[in-house]
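The next block holds one structure in the form of structure tokens; read it before the comments.
Read from first to last, the chains carry the letters A, B, C and D; within each, the first residue is number 1.
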């Protein structure tokens, strides 16, 4: 079995095992072990020569994202190990939690690796179902409502994406013979120039709206803040860090296909519009947030919007900025969610007002959170600073008018983030609701993520750089 | 060599002249004012006698006075003297002429003002603070007026060096220019304010509600007070000499001239100074002191005059 | 292929029937009647899939047809009926947009679907194009139904109708790979949504079936 | 390895290949040394993170290391100024798409010298201070390193990286004492302005790079922007660098942030950081935008600078907190420097090279002088805060007796700030006034009138600064103590005194030898003015045939006059002084338990004349007097307040707009699930209609 397949099936196998383990300690350790193995597998993908392995295909665009998925899966499972007890799950829920977590990891890996648009669609559906399960797990009215919202909106979204996939195939059908490779995006991309541009446009609209819903692009974002704010604290990191990437990646694949036909309406402009709307709406929505996790969920919308704007601009620099932004956002935002989740468990509430003075009560956590939020706000020396810089450069070079809304969005959002940073970290500490859990399971992943952000932002190793350069050529 | 010697000689003569003349000028104005008010008035030499008396008295300082009270009088006096040494009186081309920059003179006067204000605040009395605050506030309005007035003749002379300005205005044949007249009026207003004369301040009264300058000296006595009085006299002389040198430069001995020219220059200078003193006396006798918070308007008007002068010059240089 | 040929006519008629049923879904005022119309639509879809399987010579489409028949024409409508009876929901349809207005909107959407597909000429076969217009109309009408009905069951019906449109499009494209897998996966989604509605209603999360009232939890302390 | 983005129009950046061996050898001494010093500063943060307040050695290590680093900066800067600009040095790290590079030309080196001076003084002072907690130790070297990186950047990315790192590190320092709500407020506003500044500069950088297709300075210089692009860059740079420098109207953070930080950090922020922002401004507008920009480019700088000078000077007269007062004085001085830069830009646009060198020299010299004397004053305020326990002017007084060294040094610094000859401030302001007096040569009557008005306002600002400094010195160091805590003050420690004395000596020395400094800055002046400046030698020249200023001669004359007066009076007036009770016009202070603090002039009282004359119109100042009627037993009350115009006219509308938009955005959140679906549906239909329309049409 080729390694990419193992990368997908290992978590699913693990999910089957975890679903059978009732003991908490064992389950937690097994979860970490399986995630570690999964992470090793993704790292091993580097050695796999690019190209097709049956229905998967490794190229420069999905490789970094898959590895990112492996790393964040591992760190999240470590964080989860220290915090699952405080969730107060019964045995059934615990089993469901771990199983859904691994199913989600496998599904997002599949969604990235799949060469076939149909398989990719199925993978995203599985990831959606797994995330619905995880969000609903607590069974509280708020959690159920969030899960229901996620389910229904994303359900409709992916249904539309399927329709888009069908139309895409319809466009290519005269030129492609029977067989599964008719949905291979490499094949489709090669054929796109000959396809009917009208059908391609139609397909792209459906794919964009469909997968854009999953990616949380405004105005299709309504499910995201609630879904990321409810449910166990650990899964927010993967929801924000991985699910959105997988969906945006799907949009990119569609854009790559449609964009290679010169007769279509430039798909980049549509993506740009969605991205800009996300950036602006998220920036202003941040100001009225009282719930810490919802706040950062909205910030995710803004960041995905920035990445979408960058990809919408396109070109090598634009795509590079978008890719870096996706990676930087995943790393730094999940770092924030680790710290916020830890603090929320400790304070017994995720309201911003209930969490305060972290620096005074727990300097390591407080500073870690402060730096992570600063990284999310685009302050140096982290990766998001570099990617936003590149985005601004590219916008100024290509569409100077874009600078005005982009900068308004960036500055307004960053100021809101600083405000929340100060409310969470500075000042007099608020009382703890329960004794703090193990700090190392929070701080370890947190600092690993920040370290990676720093490394990627300022000291990108040569081979990775070559990889990113190659990746930036793919979405066109 | 000869020229250098002459320059040094004129410089020394100039310093001696102004130091001697300063108290006389104050005394003279007082005497003139008294005569105009129908009093006999003290002799013009009275300030000299007062200084001598004060010097012989034992100075008393407040218990909590710091070194500032002892050093500031010397500093203020020295700054004024240095400034005055730079303003040409009877001859151009004095040894310090290259240094005689108008801005430097203003800076030295600010130094003296600062020393005086610090003295006022040193002991921590209410009057001292009041006087210091008002003095510095007035300066905030006087400085702009001075600078913009200076702009006019700096434009004409191409330099802010007093020696060069005086030479240029003497030789340049600029004639009677309306802009220069306006600038002169502005300078006069500034001079009145800077010297704490009526209508800005009344040097003859210690009425606490209106006073500025004297309020800062309430704690000074003996030689400290003498130094302050002398400093005030020097400052008055300086301003009048400044106006004379810039706006009435005729008669002044050019650089490198001989003793005869110096004598003529001296004569012209004395006449011009006396004239100005008379004008000042008349002005002070004829006008009432204004309220403290009207002073900004007074100086603001001076500033406007100066701006008008400058604008007229802009237009005329633009036309030519 | 040209107009007037039998495969085209039959596919066209079946597609047209689905569109008609979609309109009926929008038009019906009673929940029970809506569910009946949905079951009918499922049946027509099965027939369409079977016909395409026959025409294209693709045996896997018969499987799709069978699944559609079982699930969409029989099982899910039965389950929905059960739900309606259990919670006594057989009342007049609660609409957010009046029936007349939603019919008008539906017509506008069908027009839009045709407008969008019209410029598509090059390469695509006429059958596929017409089918696409029909399927697109069904999809849009399904979604319209989801947003104009306040009743959770009717929203599920809308989702199912939308999904029917998808499958119609999928079977109509000759040689579509993975068609069985994709249609099954889409069906799983729908079944799960139905199941979720069922569960939520049993738990009493929907005080009424009006999803407008579910929005109690803003998630942030006010 | 693929070449990075080789065919991207914007970023055909050079690959990160390290230059040839010979090139490396040539560039090693200066730039490598600078890189190593910056790296060492960064590493200093590591031990600082592990040292709590109980470990004094950590604090000493950090501050001693910073001191050494700053001395290194100075040495490197002087070497670069004397030895010419070294070739840019590629860094072993950089952004993901290319290389970062260090470069140090004369302009950067001059500001690095300022940074080194202010940093060394502040570090020396901090070394003598009890070390703060780790949260103020860690960011300190990072702050210094960020500033140095900004100055030594050879490309736009590195510049912004350093700039933002500087902002972030200094935010942590402003927030160091975060238990107090006002400090948190200050920190938030500070970082908000910093983020705004960074965004504006990033946009300006983007517009610059868009024309040139590269990020490194050498390539940017070759293709300066034109047309609307250049104007947009001007506006963005003014907003960006201005917001960080404290330019009116973006100065609102400064009077809040400077007092909130520890004193040595305030000194650094005021003395060095605002200069770094000015460097960025000069780098963009003078260097990268090329010399071909029109005359009117100078006008916004001149207008905003002069407005800032007056506003800052006036506010300094009304503030009741020593550090806030100094912060406002910083606004004033930044305004003066900006005005000088604006003049230089205008002169350069008119091809008046000589005058441009005059104005540029004024800007650079004043930046240096302000960097030193403001550092001195902030350190003195820190010493007072430490010794007398308060920053409030109304709780201090009479400290000259307890803290003679601090008082003497502060007086020298205040004298320089008040532009008194022969101290340093006068020299640079003399240059500025000279260039203003020559500004009529710009020709255009509008510009001439503008310059005349600027001259008047600069004169007013200088006088206002003098008044403010008098108020600071007079109320803090002179008079009598106003509280028991203030009465129990003591002189600060040896190292702190050393820092103060050193700074005061520098203030004096820079005042006496401005010509030598300006000659040192010659290459930087030439870079700004586009013409070679004359050699000044011992004095300052305002140009051919124009006035000169010879400060050492002035000092000599003053000293001679002093000596002569003293000798003369010792003869004529031999009596020793006698001490007696204060006269005070015969007024006897009420017998209070603690002295008579309330009969002294207060901070508000001294401010009264200027508040009434200027404050009511410019700052909406108000006085409320509550005077009990005769016979009423209650105490009278007097309250004065003012409001900075940037609050009601800039910040409040912005806040309102943000709030209104946030409210609008919030409405989307009230959508029910069905409405959310409807939104998605509407989007889909809209897009379909769009493609139908586009394809049909």
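Criterion: contacts are C-beta pairs under 8 Å (C-beta built on N, C-alpha and C of every residue); 3 or more make two chains touch, one makes a residue touch a chain.
These numbers come from a predicted model, not from an experiment.
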Common touching chains of chain D and chain C: A
Highest-count interface - the chain pair sharing the most C-beta contacts: B-D
Greatest separation from chain B - chain, by CA centre: C
CA centroid of chain B to CA centroid of chain C, Å: 98
Chain centre separation in whole Å, for chain D relative to chain A (CA means): 42
Chain A and chain C, separation of their C-alpha mean positions in angstrom: 31
Centre-to-centre distance between chain D and chain B (centres being mean Cα positions), rounded to whole Å: 36
Chain C, residues touching no fewer than two other chains: 116, 119, 143, 146, 155, 214-215
Set of chain A residues in contact with two or more other chains: 148, 152, 156, 160, 198, 202, 225
Interchain contacts, given as pairs of chains that touch: A-C, A-D, B-D, C-D
Chain D residues touching chain A - in the complex, by the definition given at the top: 1-5, 7-11, 93-97, 134-135, 157, 160-161, 164-165, 167-168, 175, 178-179, 181, 184, 187-188, 191-192, 195-196, 199-200, 202-203, 205-207, 209-210, 213, 215, 229, 232, 658-659, 661-666, 668-669, 671, 673, 676-677, 679-680, 683-684, 687-688, 691, 694-695
Residue ranges of chain D in contact with chain B within the complex: 397-398, 400-401, 415, 418-421, 426, 430, 433-434, 437, 440, 443, 445, 448-449, 452-453, 455-460, 462-464, 466-467, 470-471, 473-475, 478-480, 542, 545-550, 553-554, 557-558, 561-562, 565-566, 569, 572-573, 575-585, 587, 599-601, 605-610, 612-614
Chain C to chain A touching residues, read off their complex: 116-117, 119-125, 128, 132, 135-136, 139, 143, 146, 155, 159, 162-163, 165-166, 169-170, 173-178, 181-182, 185-186, 188-189, 192-193, 196, 200, 203, 205, 214-217, 219-221
Chain A residues within the chain C interface of the complex: 116, 118-119, 121-122, 125, 129, 141-142, 144-146, 148, 151-152, 155-156, 158-160, 162-163, 165-167, 169-171, 173-175, 177-183, 194-196, 198-199, 202, 225-226, 229-230, 289-291, 294, 351
Touching residues on chain C, where the partner in the complex is chain D: 96, 109, 112-113, 115-116, 118-119, 140, 143-144, 146-147, 150, 155, 211-212, 214-215, 218
